[in-house]
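The next block holds one structure in the form of structure tokens; read it before the comments.
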């Protein structure tokens, strides 16, 4: 396996472990305010330093990992479900069903997604659940097209005719035979999509309409960091690095999957 | 007894402007092996898929035991599919690559809701043995098998619902000669032992001659000649049949 | 002038393959696929190389002009003497003068061998040896391969032709350089029966008229028995029987050959079972000890699995790689 892919797996795995074992890794309570130690630089007691309320940055970052990964996975999960389902139905049934779904995808793609998300969040309240749903509901189109394309070619293969010949229902054919065999490009898209979702969440939080303080998210920590810029470089550096490395990791993993599966 | 009767069957592919099946009429009788020979593009594979309602026909009737398959419900058709089955040509394309051999066969029981879990496994082993494979193949994936082995698995799947009538669509054309002979032997034995009825499709006259009782010759969607095997080979009447025979007299005998 | 080697009958030997060994490398492993093949092609002779998939016959064909290296193959030893010069030792420049010119190829799928973005005319022109009178030469070639219909039509692309016509065009390109040897690998397998017959007749005609030598590689015994003068049968990377066509048809001397002949479907069979060869061909990574055909052989005895037999002369040019050759020849006569 490609060395870069292994590197990507390492990064992804690393952050997943941190997210799962957050309470054991964080040295402080992320919400613990300590007025005496406002904005202290990285030291032996606070390895990432503290923020403007004296909270340990490292611990906040660790818990922020949970949020970022959770949003990433669930948002992409929602996108995946919608995209796979609609793409499969469009590809399998063709004709009017296909036309309607594809035009719907075209319409969705016309919207500048990020601004659509902004508008929707502005109307609703910026809760984590809303963010996950809205990101999921606006990023399924690519997956949908990929799934449809794979199914269009797969459904003409002999083994699908064979399934019909033994009496399999459309539902069985789509769910047990077509979708599993069509997953390869979708898997790549999903992996890269997680990176995208994490970026979107970070951006929203950075703008203040994502995850709301005091819940820590890399994006809103970054936002705080911008406010104190000169006085606390660690407040921007660490979350910035974390976002960068995570996105890099998922991209490498996605490319690795692409190479392996789409030979 | 007449098992299958095709009346005025037509199919045109509008996109390609091709009439694949042009007003075709014939019958198949129980226990016989009826050969259908023709070159590529003559419509024989389309005909096979039409009979099983894998493609929609434009016009005509397909009577299986007096029921018009083009008029019955999907539920009834599923029942008919237990008796009326097909073996496909390409062993590399006719099995779902993500399914193990055992699952491929057991799926037939899952669809028709026969037999308990344990019985299904035993039936699958029985079928694998019938086709010359064995229990060790249950957990293998198609990608681990040779062409001949995959074709045997395909035949096992076809036999799972205990059919009476099997359409063999070029079942050995993709196989090496030595494996061809093995699979043809298997098909001949099964036919004799279970009194099966075959509609045997092939472009290879040698293969048709070695397994069929009666033969139909197809060209451009129509039948040009039909008769007993001996008659077709010894006394061909239509020019096209003669041309086919002359071309395949590549036989050194 | 040094006279070229000749076979016993005085014809000049055009190509001599001696102990050719080719292996393929994938990941860390190297698998030998051609394990020591000897084959001679005389001038004006059609040699048929029969074998089932994976026996190594295509590799032999590609190795003759070292085309195999482009497919991760490695010719590990042997000599390929073309007019007494070892092709394997030629410089790239000398090799290029032979490849596609003195030795040309016709492959199975004309659709994938013809370049879809160039016209037929342009592709034939590329193969021409003489530079003058291009239109005239091309017209001559098209006439020779039965493509009179497209003489003068310089803008025809491969996809506009039928399968049979595409194959005729391929053959046209192969003979355009007036080669000495044409290597054909399953040239008619993808074609309909009636078209097959026409192409085979064309090949025979060209061979006789131009004095071509042909190496005809195929799995279809019926075709090879019809078209070849001399036949070699390959199994698991080696030739197991070779000799003049008439001898092999009338007195097959290797169990594999006999099995193959018994597997040919024909009117004579009439729903009787075939005397088929059981089992499957061995994987090159897992060859059995001794004779490689042993597990599937109906004439096997204990001694067969001790040592792989060598190619032994039966009579004249007829050879077989089997220790029981004498018993077999007795049984089939």
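Order of writing sets the chain letters: A, B and C. Residues in each chain are counted from 1.
Everything that follows uses one rule, which is that a contact is a pair of C-beta atoms (placed from the backbone, for glycine too) under 8 Å apart; a residue touches a chain by one contact, two chains touch by 3 or more.
In this text the structure is predicted, and so the values were computed from the model without any measurement.
Between A-B and B-C, more contacting C-beta pairs join the chains of B-C. A comparison of C-alpha centroids places B closest to the centre of the full protein. Chain A and chain C, compared by their mean Cα positions, are separated by 56 Å. Taking each chain's centre as the average of its CA atoms, chain A and chain B sit 49 Å apart. Computed centre separation for the pair chain B/chain C is 33 angstrom, with centres defined by C-alpha atoms. The touching residues of chain B, counted against chain A in their complex, run 49, 52, 54, 77-78, 81-82, 85-86, 88-90, 93-99, 107-108, 111-112, 154, 157, 160-161.
By the touch rule above, chain B contacts chain C in their complex via residues 33, 39-40, 146-149, 176-182, 184-185, 188-189, 203-207, 209-211, 213, 229, 233, 243-244, 246-248, 250-253. Chain A meets chain B in the complex at residues 157-159, 161-169, 172, 177, 180-181.
Across the interface of their complex, chain B is touched by residues 52-53, 192-194, 196-197, 200, 219-223, 225-226, 249, 259-260, 262-271, 273-274, 276-278, 280-281 of chain C.
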